[in-house]
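The next part holds the structures, each set out as structure tokens.
In what comes next, chain A is part of two complexes: it sits with chain B in the first one and with chain C in the second one.
The block that comes next holds the complex of A and B.
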């Protein structure tokens, strides 16, 4: 495959609100990033940070109403998906961008055999006969490590790890340029998680698929990603290469996340958690939304919302204390 | 005397295909004020072990001695008197609280059942005290569980467990449903309470970094059996059972440096229904020989002081001297 340097996906100043009975949920507040064809981009954050909303927006899958894209756009392969018709989007989903969902138990159709569920995607996107699609589905099954004789099995006959493998086979069946994986291994045990992550890595390298990985587990990001963004209250608070985030983090929230994880190689008497609770997205302040949980918060922090500052090429931090890195 | 002594505990469930061996011959002792971590993957029987110890389930066989008394076979009426000493914190703070009770009522409920507070005022005072202990703000007293987030809900679960001044608390995945920043808060709270009140914990989890942080001793379970048992500090330096090795190496480490060499396990858990009397890990084990497949279930042997491993080839694999 020729090397492309134009981004496969570009999210530009995206703002998404949900309307609920309790008020407007400001789920995504001005998020911008790019994914290049060779990237594995990690999106890290806690529950309610807006990670999944961003992913669904990139797939054109946000329900409307109650969701409103207030501002900004998503470009897939240089084209604004907001301008696409429903039919055009169908052609893009599965072919150019695919998504793996968190819960493999609910992502599969319980009354269709797993092999035919893979063949369905291929039939939809590629000009081929049913037999050809089934043959390709069989290949995909083997690629994700499931024996061909299980082609006719139903989802309930498979374990959680195997179901997630089938979901991955479906997502990759049409060789998409970008795969969005939303917490692909959260529902799995660690040893199975390790198997599935290794398989995702292997397939990514083999097909040259760009990957966007949504997770709350910094360990998985360190394992698989080359770039990463930390999301808090619908905003990217820090973005850069994994080296930037893991070796030279600057944002107090990023630092707090690292301090909250019990370490396996160091003995820590007491964890240093981020204080307080996750902020209520219906009631965001006009200033830095991390203020209430931040130890370094000053008057100045409550005066205005900080901008993303570039502290070294490609490494941005949304904090007034962000300092340029000395080389 | 140890606070808790579990001997040859078995919990089998009859299912249509036979007997499901959820807990199969588990023995350990736990000293007062200590924390025992129980780790393993889903389906290894760790939750069933917890429930059997506090007698939410009646064991198939074996004894559970709490302060010297066998509580496993004690008549229910008699056990009722001991129940306040043994409490449990449940995994899912969304499912373990009655949605129709307010926070105040939820925390008062155990004390109301056991009539530990003579007057209404005393009960209210104790609820306030407990809310304070677990750092729940007083403004939540009349809220209902659905109005609170996971971290606060789990604090209610902890307050309920503490209400009767227990000696032993079985914590079944108490932080698994929580985000990391909140998880760290709850872990710190549990540790503070242990120091203050001299509590003893059995801490069941699948998260190795959490269990290392909080435990004194660790039991690694696989398909209903203990495969390795060691002090927490030792286990993370020297893990001798092939399953423990794989389990530890599978954890994604949040650092770009000194990443462990991964030992990938083949296949998945075999069935716990009518298991054969051989090593249960044999099918996934990289070191498995014919002797492992055909031999008996390996016994849990003390390989080094306080370090027990159930593997036929443990000395060979780890180049340890043969102990007898």
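The block that comes next holds the complex of A and C.
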């Protein structure tokens, strides 16, 4: 096991609800995890599982209203962010924790030059003059592989992949301790996905930044993460090291996700999807929320909501069928 | 850019010819005779013919149209007023300052009050502030100018005797009520457009990006939201100014402000065709120029439009430069 250090980010029993016209959306229901300085933590789940909500909560960027943090807390560097003032939070965002958003097409301000958008975050967090910030922004541009003469270009003059590079440059400009990447490659072309991912990996290693990667692509998780959590209906159903999850998965949902991945060496007619639809988050049952889609579901599953069970050190599964690993 | 402006100004020529043609067609198609309004009812046919001859109305329409167009473009001659026998150009130019002052002052005031109110209202969406600003703007938008003018006159002039009910040269207090009335209508328009445009921009991802940088909320509003939200507002300011330059007729008439609006209305009622034509032409020119200014403002606000205006030549230059950098000879 790696040596214990204080976590950069700790999410503790977080419960978040949205109030909508159709009722209360229970987006996040008691999620806990922590990210250590050397971690690359993958958060995997279907669309609507609550992954982005968790990330926004960690940034203190949940839109309020309609979001309400019902219970639990987020700690950054050991301090509860709910107790921070607005100014203190601004000092954390972009400096200690920064975020790459899903859609690079809309994440940049269309009327501000890309270089100045990078310089903006530097100017906010570092004691420097405008010229120094612009110079550093120029360096960041080159670091993400964009030629310096494009400093004055506007977002519409860039391709999708280049825009995402700019977003990454903004996120890394102040050398954050934790980088949250919310599906950084989903909106991109497959060939560009690999480039962007390699770049994130490379920069993570160079800056020594902890990374939280939100994705629904298990391949990406296997590629760059050391820990990961599988999220279903706002709950972590399985969490552990990448080896735990990929080599010894136990939760039926995790197993279902693996079964739905196409394999190179097997020739199958149809892929095996996880059957059914993701459960309606305005109407969660008091028992295991995966019941309706689970092949192994029994009477006992519908009796009570299972707890996370530690099946081996650091590997937790939220299922009544979870068994201690033999070794 | 300069090429673009010149090109747009050249468009003034077909616009003016078009306006002249339409107004000529209207004068031909509408019943009534200018001579009848110049002479008394018992005038003999000879007298009428004599007036027709003097005004040039005995010539065929096409010839009159052609002469007028040539006069406008070669001598800047807008014809001679039937009623005063003075050059229309001089008369219109004498009226122009009143309309200009009324339009520019009222639209500026409307912008200065309306945009901040719209922004404020959007930032406080769903609160009482937002509701009351929205209520007032709907109220003002739906209130016709002439009615508001009469309400103000009956309150401020008749009941309280504070302000004069009509404009007299040399007395600046006569400006107050016309400006207030003209301001309120366009201000309400700006509030509504600014508010809805801000609400649209506030939800954009790049605002979240700015927050994720740790940017201060007031900088986000001023720098990130406003610049994007101003694009549709610029259109509205342009059309507001255009309307004010040509169309504050009701205000000008109610307060007897001697501007172009009331000049055109007078010309119509006395069948003073050249006066009417001259007034409308000047209005059309101003409208075109204001629209050009709005389009230039767009380019300053929104870089995405720049390439459209700087045109093909510039992009070709850029391409050549890029190719040279790559070592390709062109």
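Just so we're on the same page, the second predicted complex is superposed on the first by the 321 of 327 C-alpha atoms of A that agree within 3 Å, B and C clash if a C-alpha of one lies under 4 Å from a C-alpha of the other, contacts with A are read in each partner's own complex, and residues count from 1 in each chain.
Note that a residue touches a chain if its C-beta (ideal position, glycine included) is under 8 Å from a C-beta of that chain, and two chains touch if they have at least 3 such contacts.
The shown structure was predicted, so the numbers you read here are calculated from the model rather than taken from an experiment.
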Superposed partners chain B and chain C on chain A - clash or fit: fit
Touching partner for A:108 - first (chain B), second (chain C), both, neither: second
Touching partner for A:246 - first (chain B), second (chain C), both, neither: first
First, second, both or neither for A:274, with chain B first and chain C second: first
Partner chain in contact with A:304 - chain B first, chain C second, else both or neither: neither
Of chain C and chain B, partner touching more chain A residues: B
Which superposed partner A:99 touches (first chain B, second chain C, both, neither): second
Which superposed partner A:219 touches (first chain B, second chain C, both, neither): first
Partner chain(s) touched by A:257 [first = chain B, second = chain C, both, neither]: first
Which superposed partner A:195 touches (first chain B, second chain C, both, neither): first
Shortest span in Å between Cα atoms of chain B and of chain C, once chain A is used as the common reference: 9
Common ground on chain A, meaning residues reached by chain C in one complex and by chain B in the other: none
Parts of chain A lying in touch with chain B, wherever the complex brings them together: 46-47, 159, 161-162, 189-195, 197-198, 216-223, 242-243, 246-247, 256-265, 267-268, 270-275, 277-278
Chain A-touching residues of chain B, taken from the complex the two chains share: 41-42, 149-152, 179-185, 187-188, 191, 206, 208-210, 212-214, 233, 236, 246-256, 258-259, 262, 264-265, 268-269
Chain A-facing residues of chain C, complex: 204-206, 208-217, 223-224, 227-228, 301-304
Chain A residues within the chain C interface of the complex: 59, 61, 86, 89-95, 98-99, 101, 103, 106-113, 120-121, 124-125, 154, 156, 167, 170-171
